[in-house]
Structure formats: C-alpha cells, structure tokens
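In what comes next, chain A is part of two complexes: it sits with chain B in the first one and with chain C in the second one.
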Partner chain A sequence: MSYGFAAINTSGQTIISDEMENLHFLGKATLTGNDGGNYGDFPGYGGANDTLDGRVIFTYTITATAPPLVFIKPSDYNRWHAIITQSNSGSTWTFDVIASGTSTSDAPELYCFVNANSTSGTTSTHGLVVWKPDGTTRTFDSRYNPLAISDGGTLAPPLDPTDGSGLPGNTSGHSWNYATNDHDFRSTTRYTSSAVTGTYSALMFAAPSLAQATYKRQMEGYKKSTWCCASCCGHCLCSSSQEHWSTAMWWVMYRNTFRLRSGYMDAGWTNYAAGYSFSSSHEGGGWFGGGGGSYSSGSMPYTAKTINLTSNAYIIADATRYG
Partner chain B sequence: MSYGLNVYKADGSLGFSTLDIVWMQIDQFTVAANASVANTYPEVSGMTVIAQMQMINDPPASQEAYAPEVIVSGTTVSVAPYTSKTSEQVIIMVLAQD
Partner chain C sequence: MFLNHINDGKDYLDFEVKFPDLLVADDWLNDPRIKNRMFMANKQRVFLDGKVIIIGGWFSGNFSTEKKPTYIGEAVDGSFIILFEKNETDPLFKWRGVITELPSNTKKIINYESSRALRLGVGNLNTGTNYEEYDRAPSVNMWLGRSWIENEHEELYFLVESREMLDEVATYYGLPVPYDDEMKVVLDNNLQSIRFKSYDLNNEGEGNFVAVVVASITFVNDTATTLKLYETTRWNE
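Up next, the complex of A and B:
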C-alpha cells in the first residue's frame, strides 16, 4: 500500500489493516429465560431405551446495529451447545441456544462481536484506532477489545445421530401390541473431532448449527385369532378368524451441537424433540376384539433423514480476554 | 516480545498484540430464501477465506429447513440452493486470514 496502516504478526499475517475490518467485543447477550427443559425420555413411553440426552433452550437478546458473530462460552463443558435460531427486530437480536441435558442451571454465556464501526459508547482516551481511507469508517479500535482467535476450521457431525447400531428403521412380524424400543436414540458417542489448543475451560466457540436429523423406530405387530364357531363329536365344523394389527413408533429430531473438551472441539448431536405413538386395531365383527388403544405425542416433522450435513466454519477464542 | 506492536488498555493491561491471530471480517450479508448470491473480494487475494452461515428465523421443529450451498473459490463466495432443493434465509459472514 502507498499509505495507511498494517500490523503484521510474528507469523507474517496481517492482523490490523486499514482495508479489512477486525471484529470487536460488543458485550455479552442477556439471558432472558429458558423453556424448562424437556425430552430426557420419550413422552408417554416407559419401556426399554426410553432415555434420551434431553435438552434445554436458553434465550438471549442483545442490541446490535450489525449482525453479531456470537461465541458460546459453556458454563458446563460436559454439555453440548449450539445456537439453533437467531432473529432480529430492528437492532434487537434474539438467540435460542440448545444445551444438552434437562437442567436449567449452568446456562452458557454468549459473547458477541461486531465490526469496529458498529461499536460505540466508550469514553476511553487510550488505544489505537485505524480508519479506512474514507476517514470515517473504523477498521480497528483497541478500546473495544479486538477479537483474537486461537483456532478455527470446519466441522460436520456424523450422519447417524444415534448411539444404537445403524440407523433405526421399520420392522414387521412382531407380536400384536408389541412396543419395546430396541434402539438407543442417545447421541453421546456420535461426534467428529478437531484438535484445539489452549486451556479448554477458558475457551468459547462460534459454530452455527446447520445440520439436523429426524429418525424413527417403527414396529409392526400382528396376530390372527382363529376359533371354531360350530363343532360336533370333537370336530370343528365351522371356523372363523380375526386379524389384529399394532404399530409402535418412536421418533427423535436432532440438531447439530458442539462440545469443547481437553484438546478437542467436537461436532455432534442433541435431541431437540421426540415423540412416541402407539396404535392397535383389529378386524371388525370378530369375537376376540379388544384393540390396545392408541397414543401419540407430537408429530414427526419430516421423514427420516439427515439434512444440511455440510462442514461449517467454526472459530475458537479465549473468553478470559473479554467481558 | 523483542519486536512488534502492543496496544494497551487505559488500565495498562494488554489489549492486543502482534502475537495475536485474527480472522478479519470481510463482509456480512443476508441471502433470502431460495435466492442465489455471488460476491467477489479482491482484497483477500492470497488469504484463507471462510464463510460462516447461520440460518435466521428458521422453525426447527416443524419443517425441513434446508441451508443453501456455500462455495468459497479464490476470492469469490457463492451462495445458492442445492439442486432441486429449497433454501432458508441465511446470514453469511465472510472471514479472511492472511
């Protein structure tokens, strides 16, 4: 360049420039509530493989004149987290963060960063400010804690979000009214990893949740009842039959979530919603009626599949430098 | 350090240094549902570029919310729905590292 400012780090990388903008700490988003936690198990079901990881949705807001880059700083690093929804009304931004487990304690903190020109309010008279050649747009302003990152890359979770062997599916040939789930829908072992540096308990990550998945286990039950309607001398002269059917179905919807642990960033899954349905019916007019009834909780949002399974960019930074 | 730049806060603590590593924010833009966008950034020539995508206003519990495809090729970032798919509204944040 013929004029301007550039700071080059010890690796030869430009880290301050009058042409490109650094991100700066805007503040922590305000926790406004949570949904109470849910789906630690299948609603309405109490048999085998009932347990799910569970989740809580925490909601936050912050005022920003530009879309902020948001980092999640876990309070409990054993939990998986991700921003699953963000929206804005004017300059008020709202974020829904999913956390695995059903405890409403230990809400994560959200650290928000924006470009220098979207920061305001400091009265500090010390520091370094760099402007673009237009003389009015700030690209760097040390008074607002410029973002320094420790790691970055791309990650995608594995296709199968379930701990059970293989993807769950449909099977028939079960006995009538059979409703025992044989698939483990938890996600504790389903993740991919990328190495990170630094003391993990000080780190925070910016990693949007894009991938989502819905899977179900369905069991079809059947019974055919046959009886004798007239007999003579020990022989059946007339027989009749009646067919019985049942369907048991467990479904879970997942969102891509992330976890920081010693040496690694993991991309995995957390169940967002779940449901169980059971129905039992029989052929009309028979003597051996008595269907098993029906039950249904929620509705599966779409047919079983994983979507948006693409590597998305993540960034990791040391939270102790901010706030 | 024996050379470089340290920028201190008013309280005397170190705020930023040439020992730090950064990702510069090159651009951020919203792509409407089912729309296609391609933006070129000549200033990042020779740098590593990533595009972070976040869906906005997606209803995660009630429908298939498809993200568009994002391709970073040199200094151009392209966003478009996958073939035969719809796509949700997203915010794209373009970051670059020298």
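Up next, the complex of A and C:
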C-alpha cells in the first residue's frame, strides 16, 4: 500500500486501516418478550430426580442494515446464556436468547455491533473517520464507539451435560410400572473454564452456541403372573400366564451456554427441552382389569448423543464503554 | 344370562360349551385361532345394595400363544351387556365400554379416566385430577378414577382399604352398603382376594404391591346416588 491509513499497536497488529472494517456500537437490542420459562422439571413427572435447571427464552429485535455481532451482557451473572437463533426480515433482526433458570426477570442485555459503514444518525462533527480507497465506504468512525475486545479464546463444553454419574442409558429387569428416575439431568457441575481478566460484572461476551446434546434414561419393567388353568389329582395339567410390560423414559435436550464469573469464562449446558413418557400394558383389557396405556410429554428430537461439540471462539468486551 | 352361571373353575373352562349362543353372536369368539380354547381367567361382579347387579369377566384363549383376551359384562336383570374396546385417551385406562341396552339395542359409551393419585402411584405421572370439586367422602384416602356416560351420570372410583371404610362412605352419603353377608366376611377376612389388580403404589418393589380393591360413588347432577363394590376374582384362587 503506497497510501492510505493504518494504526498499528506496539505488537505490530493493525488496529485501524482503510481496508479492514472495524465494528462499531449500533445499540442495544429491544427486549420484545419471553416464553414464560419452562422445564424446571420434567413435564408430567412427579417422582425422584425431577428437578432440572430450567430455562427462559428471551426475544429481542434490532434494526440493522448489516449482520450485527451480538454480545450478551448478563443482568444476573449466575445464569447461563447463549443466542440460540438469529434471523432477519429485511433490516429487522431477531434473536432468541436462552437463559438458565425459569425466572423471567433479569433478562440480559444485547449489545449489537456492525461494520462502520452501516452506522448512521450521528450529528457529531468531531472524531476520526477512515474511508476505503473508494472514498465513500467508512472502515472506522470513532463517533460510533468502536468495538474494543478485552479478552478472547476458545472453549468447548464437556461431552456429558448431566450431573449424574456417567451418561444415562437403558436398563431392563425392573418391576412392572417401575418409574423412578435415578439420574440427575441437571448441568450445574458440567462446564469447562478459561481465565479472563477485568471486573466480570462489567463484561459481556459473544460466543456461538453450536453444541447440542440429547440424553435419556429408560427403564423397562416386566411382570408375569402364572396360574394353573386345569388340574387333576393335585397336579397342574396346564398353566397359563398374563404378561405385564412397562417403559418409563426421561429425556432432556441441551444447548451449549456460557457464563461469566469472577476470573473465568465457562462453557456449559442448559436444558432446552425435556420430556417424560410412561407406558404400561398387559394382556387383557377393560374394567380395571387389563389393557394399560401410555403417556408422553414430548419426544426426543434425535437419538441420544452430543453433536457439534467443538471449541468455540469467544470474545469479551467491557460493556461500560457503550451507552 | 350368559355369565350368571360361571361360578367355578370348571365353568370358566366350559364357558363356550355352555353358552354356544354367545359364541355365534360375537365375532371374537369365532376366531378359529382361539375357538375351543376359551376360558375365563378373571371374573367380576358389581355389588349394589347387597345384590349383584353386573357380572363380567376376562376371557382368554388358552393353550396357545395366540391369546386374544376380551372383557365382557352384563346386567343381571338382562337390561344391558357391555363390551370393552381400545380407547387411548388416558395414560392408564386404555379402554372404554360400549353398553348395549336390551332389548332396544341402543348403544351408549362409558368413558374412563385415571386419577392424579393413581397416575402418581403407578407411573409417577403428575397429570390429572383428584376430583377435589366433587363431594368426596373424607374417609377415602385414594380416588382411583372416574367414568362417565354423557348426560347421564359420573362414577368416582376409590381404593377400599377395609370394610369399615366402605361403611363410613355409606354413612357419609346416606346410602346403603353395597355388600351382602357373604361378601362382608370376605371384606373383613380376605380383602385382597377381590382386588382388581396389584400396583406398586408405594414404590416398594415387587412383593410389596398394594392390592387395589375398588368401589365407586355414582353422581347424578352432583348428587351421590349409589355406592357400588367391584369384586374381581381369579378362577384359580
């Protein structure tokens, strides 16, 4: 480059140039609602190990002429967060943010950043503006609060999202209608960490939630009632039987979520959906004597596994720099 | 009165021989895979005011793996028969009854649902209701379910834990006890022998199942009108 503009730091890294587009603060997305919170426990189930972490889906919108980079600034730093969907209709961008717990209070704030040329509206006449060689496209505009990244790295959550020992699975040999969950599906201890600096209560993060997981605990029950259907001289000449079957199954789907706490950035899990199904049947039917039925509060989205498990890049910034 | 005479194991086994008319009348009994193999494994009697008003049972094709059990019942006074068919709207009670009134052949449907307490006890399901909005006798500890015939009546079923409990329920509603002298002896000395089923209601595992003996209160326009006792016996017991 024989002409132009470049600002280079003491490490030789380009901070501003007339070719590289910097991100600038567009504004905070508007909270438009939430889904009321759900899955603090297994729907329809009332036995042991019923408790889940729960989650709320908060929805936000913002107007942007270019795809925004979105940071989550928690209002409650004990909660886990992640953006789980992002879509646009024209210049209206919509984000769904998952937060652990079922409280609809303390919604996080979303700080949105776009490239310099997509910012508009300022009347300030002072500052530094850098254009591309075309003379019309801004790469940097100090009037819109450029993004300053304070930390970053990569993180992946652990493969097993459940607090219970090992991954849950199927077992048979239970008594008929046995339906007591023995696996802890919460995720409070399931995370990996990376050190960060700064006053955490001022920090915000941007990280993609790519990993998902679905796991289930299934118990098969059985009982066989046998009786003599004909006898003679004290001996059973033939026997008959009535078989009983039952299946109890608990499943949870998780999304990768993140948490900022003092000194650390954590990658963990939050349950997105859950279900319980129970079926009981036996030979015969009617009048309290037989048949049986089934119940299900939903079905697993896919077979039990963790998918998209990879190290995610995350970046952290100080939210107090932005309005 | 096809079922009135089924009193012992032999009659259970000889059912098809004794009642060929019923064999002709119902297709399920003409199934070649089970014909000549039918027997009645469970028998049920419904008591009201000290009398048996309905007799029914579970018929099973025996001596074969191709079992095709069916429940059927009839009123002792010949006013109706009832057949049960699959209906999968309830987590536990997967059937409904089709009542055929005689001699008009008018058909009515009786629907069944399990209670929240029974669902919790059987499958740790916390759905359903325990019918708190009904006038429930306080001596009952567990309401099992409800049946209803549209625009006619509702019936709340409860767990009978003793003969004294039945007496208290009768007193509460001002209704006669359902059992006769013979059944009173059974209720006092061998209550579990008339269970309809055993369930692990207390989550204590096999061997500790609760013998579920059933009685019911019928409500017509929110007024309790009858107290019934459901007796289930196994022909081998």
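The working rule: the second predicted complex is superposed on the first by the 300 of 323 C-alpha atoms of A that agree within 3 Å, B and C clash if a C-alpha of one lies under 4 Å from a C-alpha of the other, contacts with A are read in each partner's own complex, and residues count from 1 in each chain.
Throughout what follows, a contact is a pair of C-beta atoms (placed from the backbone, for glycine too) under 8 Å apart; a residue touches a chain by one contact, two chains touch by 3 or more.
Predicted model, so just to flag it, every value in this text is computed and none were measured.
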| item | value |
| --- | --- |
| Partner chain(s) touched by A:S294 [first = chain B, second = chain C, both, neither] | second |
| Which of chain B and chain C A:H126 touches, first, second, both or neither | first |
| Contacts of A:S87 with chain B and chain C, given as first, second, both or neither | first |
| Which of chain B and chain C A:L69 touches, first, second, both or neither | first |
| Winner by number of chain A residues touched, once chain B and chain C are compared | B |
| Partner chain(s) touched by A:G44 [first = chain B, second = chain C, both, neither] | second |
| Touching both chain B and chain C, residues of chain A | none |
| For the chain A and chain B complex, residues of the former touching the latter | 7-17, 19-23, 66-67, 69, 83-88, 115, 124-128, 142-143, 145-150, 152, 154, 206, 208, 210, 212, 253, 255, 272-273, 301-302, 307-308, 310, 312-315 |
| Chain A contact footprint on chain C (complex, rising order) | 13, 39, 41-42, 44, 56, 58, 60, 62-63, 67, 69-71, 73, 84, 86, 88, 90-95, 97, 119-120, 122-127, 157, 196-197, 199-200, 203, 205-206, 212, 214, 230, 232, 234, 236 |
| List of chain B residues in touch with chain A within their complex | 1, 4-5, 7-10, 15-16, 18-26, 28, 30, 43-44, 50-58, 60-67, 69-70, 91, 93, 95-98 |
| Of all residues in chain A, those that touch chain C in their complex | 44-47, 175-181, 223, 227-230, 238, 240, 242, 246, 248, 276, 278, 280-281, 283-295 |
